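Here come two complexes built around chain A, the first alongside chain B, the second alongside chain C.
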Partner chain A sequence: MPVSKEYIVKRLILLVLVVFGVLIITFVITRIIPAHPELLWAGSHPTKEQLEKARKQLRLDEPIYVQLYYYLVDFVKGNWGVSWRTKHPVLEDITTALPATLELVVVAFIIAIIMGIPLGALAALKRETWIDHIVRVVSVLGASVPVFWLALILQLVLSNWLGILPGAKRVDEYVVIETGFKPITGFILFDSLVQGNFAVFTNALKHIILPAFVLSMYPFGLSARMTRAVMSEVLNEQYTRSALAWGLPRRIVIYKYALKNALAPVIASLGLSFGYTIIGAFMVELVFVWPGLGLYAAMALLSYDYPAVIGCVIVVALIYSVINMVVDIIHSIIDPRVKL
Partner chain B sequence: MAEKPLVVENLTIHYYTLHGIVKAVRNVSFEVHRGESLCLVGESGSGKSTIGLSVLGALPSNARVVSGRVLIEGTNILELDEENLESIRGRKVSIIFQDPAASFNPLFTIGQVLSDIVKYKLGIDDKEEAKRVVLKALSEVGLPDPERIFNSYPHELSGGMLQRAAIAVALVTRPSVLVADEPTTMLDVTLQAQILDLLQSLRQKLGLSMLFITHNLGVAAIVCDRVAVMYAGSIVEYGPTDKILLSPKHPYTKKLIECVPRSSIRAGRLKYIPGSLPDLRRDYPGCIFAPRCDEVLEECTRVKPKLVEVEPGHAVACHRVLRAKG
Partner chain C sequence: MIALEDLKTTFRLIRRNPVSLTGLVIVLAFFAVGVTAPYILPYPEDAWGEVYHLEKRFLPPSLEHPFGTDEMGRDVFSRVLLGARFSLIIAVGVVGLALLIGIPVGLIAGYLGGRIGTALMRVTDMFLAFPPLLLAIALAATLGRGLTNTIIALAISWWPWYARLVYVQVNSIKSLPYVDAAKIVGLSPLAIMFKHVLPNALTPVTVQAALDMGSAILEAAGLSFLGVGVKPPTPEWGLLVTEGWTSINVAWWISLFPGLAILVTVLGFNLLADALREASDPRLRRILLVSGRV
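Right, the complex of A and B next:
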């Protein structure tokens, strides 16, 4: 195993520090924005007294460091505050929304990797041919097309006009009710598969295709372009030319040897974009009425819902840190020169 | 087998670059006999490495073989498709490159690479059997503790060990022709001698025909039976090694030998050949070395000199030499 225990411990300590730092920065920023969250808390047409009471309840009348102190104490206890918008505990909201988003993003990345890496490798092998040109155009389009536009168009054509795929929500309620499906983890695809509930599974699978496809466009373009670039480089390396000159079959040299060299940088870039997509998915979630974290975070921002905003930022920081760690570990497994 | 291991006939190779067509190899012919080692000696850019790659059919994609044949045991490898080339590479002809560290993929152990070669070139599918063959090949090239080398990644080994491993890779399939493209240039002087010794003994043991490419006349003197001196894509002189080194005929060969630094004359200034390599994109009607030659005759700039034997097995392409001979 190329990864040492000390390394994992070190990374975990670092992770705590990062999350703590992110928490403080986000907290301070949300408090210094000139906004009046008490208006939201107190409901419509509040009286002066009601507003004053709301400010007291939200501790907005205290100095910022006192507010931070109370927040931290609660945070460590697992109480991330109550969302000012939904009036639910933030942690509860997030644990409902996060699986929906993670499921969507994971499926999107599976699509992106399955399409992107082989196409990128193919383009590198057939450099300057029509195959290469098509892959390049498609990957640039994929990386640069606005997701909300693509989401709306696909929803309009495939769902509204042709009726091939459902265009909203994660699963049809009637299927859930008919089959008596009870989610455990919140990952519907996973839960239904484990429970052997194929009616819900296929229904959820149909629902996830469109949003996941739209969301996969950016990581698809990214992985295709990265793979093409790195692969072209690797194919020109002396060790690739040596292997061919020694008489190793071309397919072995390319698919066993060169592809492994190209993999590490591609995985690193995909890892970064994974973290970004968790929140960036909100436009797709909005179009497809997907009750995910991106949508929740966007709504929280729009309504000055500070506890929810901080909660979302922390979760994303956590996911980023974990993914970076995983990417580093994968890198050290692929490349024996990297010792962690 | 009466076929000669390696024959190169009238080989002309051009590179298509952004700056024009570079005529890198110009009508070169030579042959290597069974068990013999022939040195191609010349400066950088003289086309010697291009010839080395063409012997494996492994030219870069921007190179075009304009004319000529490369016969390995009678088969013209320049006419083969990729599949047939693959089967000749390794089995009939193999190569050792200049930079052993760059020759091995950093993500795979020496054992993985060698096992794949044994698997795909010798058809040994059984893992145990393959490993036995590999370990034998590693000890054959004088590597101590083959088991450790087998499980080592390239970055864990020294340059000398890697070059030995590269020799094992090239020879495990028992080719009849070995191209050694400056195999000692990147190594320390002390290691150079060891690697050259190793190559010599393996050549004798396996009856290898070797095409040895070097810019170092000292190395050529140790390893080679015959030397072909290349200048700007052409062979200007060839012959037995001692003849070339002790009584060179061509003005370029003479100057090349004068340029070899000697530790005994450290006080003296290093010699060099004035001028630089000619522009290889151009055609030259006369002798291509004429612009840098001290002994130019009038016809040198007009007529291309032919390689003519001045004594058995020793040929020179120089008007002055031929005139002196009559």
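Right, the complex of A and C next:
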């Protein structure tokens, strides 16, 4: 195993620093940039008392470094404020909403990989032909389409007009009630499969297809382009040429040797696209009324629910940093050439 | 560093590939429409959003109104055309402001190095810890809606990329002999940095910045959709899509066409970026040049 303990420790320390950085920047954005931070935290039409209470809570009458100290302490303690819209503690809202988003993002990535890697490999094999051109345009389209617009149009056509797929929510209420389904982890697909509740499973699967497909566009485009680039490089390497010269069947050389070596950078690029995808989820969930973190964040933005907005920003930045770290470590495991 | 000779080869590479050429044409067309939009509007008042035509609400696309009319009876085509102007302002504003912050930071960090350099790059890294658009969302939520605030929010989440790029360039340039010569002659560090190092580090970052304009348009549209972008009645494309959302079941054209405008424009920028990336791949260049295909 090429990954050393020191490397992982180093990455963990780096992660702590990154989290600290994220908190500093959000502190500056929420407390220093606005002239009257209490206005943002006191809800949309605050009374004098509410404003006064917000000032106290934020310790705005104390020096900046005291404010920062309590900001960090509150963060660690989980006191992230109360959402003005739901009246719940922000952290509680976020943990309830998170599984729905993670499920959606995971399915989106599965779709992206299933479509992106074979198409990218195909384009590399047929370089500079019309197949290559089409794959190139389609994959660039994935990175160019406004996700919220695609979500609206596909929902309109496939759900509202043709009625092929459901266009809102994670699962139909009546199926849940009829079968007496009780979610445990919050991942409906997983829970229903484990409990052998296929009625709920198929229903939830139908619901997830549209939003996940829309969300998969960006990682799909990226993985297809990356696969194409790396595959065309690998196919030109000495070892693939020698393998072909040895008389190994082309199919084996491509799928067993070339593709395998092309995978590491593709996985790395998918990891990088995670950040963009989860922001895409803000918009896609809003369109498909998907009760996840994205919908929560989008609703918070639209209703000026500032504590909830900042809570979501911090959580997403944290998830992003952790994913980046994990991807780096995985990358180094599958590609021994990456020196740590 | 891209020399003139390289640019010529690059252009030839783009021209012989139909897909890359499409990208170039789209980008040029976008600039043309963006600049001339206010003068070529079929219904100028509709575009600026100052009117209300009760009798013309929700008209489907026709010869008179190629993209139909919206819930206030305004011509969607005019609004989309003028939207190009606002998208251009946003794109140039975001990229320009980001360069204005990113270039000095990268230059100073790269040239001076040492503690100042490390500190500057650590701050840059802190910004890069946010996924794209997230920081802009937080900033826009704090600053409030509006064209200027949208540009500021996006630029502040954007400059670290350019700082990084310039930093790397400057780092490799500063050890070149000509810089040493300038030092020996006794030029001040500032003069060397801005007059002699910066010009040579500029090409890659400006090319990158020009191509990033597509992403700026896309992200500004996203901010509008989330309610923290430009204010109505500004005909920004993302806002136009959002405004059509409530009536999408009766009038799909209100949302469809502005979204298509975003898609096509961003596609153009990305295809061009893709073409330049391919063209700057030295191995590919050599193969194509040797085989006489360029």
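The working rule: the second predicted complex is superposed on the first by the 293 of 340 C-alpha atoms of A that agree within 3 Å, B and C clash if a C-alpha of one lies under 4 Å from a C-alpha of the other, contacts with A are read in each partner's own complex, and residues count from 1 in each chain.
Keep this in mind: a residue touches a chain if its C-beta (ideal position, glycine included) is under 8 Å from a C-beta of that chain, and two chains touch if they have at least 3 such contacts.
Computed from a predicted structure; not experimentally measured.
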item: Residues of chain A touched, compared between chain B and chain C (which is higher); value: C
item: Touching partner for A:Val284 - first (chain B), second (chain C), both, neither; value: neither
item: Touched partner set for A:Ala224, first chain B, second chain C, both or neither; value: neither
item: Touched partner set for A:Leu248, first chain B, second chain C, both or neither; value: first
item: Which superposed partner A:Val315 touches (first chain B, second chain C, both, neither); value: neither
item: Which superposed partner A:Thr26 touches (first chain B, second chain C, both, neither); value: second
item: Partner chain in contact with A:Leu189 - chain B first, chain C second, else both or neither; value: neither
item: Chain B versus chain C as contact partner of A:Ala123, first or second or both or neither; value: neither
item: Touch list for chain C against partner chain A, complex; value: 18-19, 122, 125-127, 129-135, 137-139, 141-143, 214, 218, 221-222, 225-228, 238, 241-242, 245, 248-249, 252, 255-256, 259, 262-263, 266-267, 269-271, 274, 283
item: Residue ranges of chain A in contact with chain C within the complex; value: 18, 21-22, 24-26, 29-30, 33-34, 40, 133, 136-137, 140-141, 143-150, 152-153, 156, 160, 225, 236, 274-276, 278-279, 282-283, 286, 298, 301-302, 304, 306, 309-310, 313, 316-317, 320-321
item: For the chain B and chain A complex, residues of the former touching the latter; value: 53, 56, 58, 82, 86-91, 94-95, 97, 99, 102-108, 113, 116-117, 120-121, 153, 155, 169-170, 173
item: In the complex, chain A residues that touch chain B; value: 237-250, 252, 256-257, 260-261, 334-337
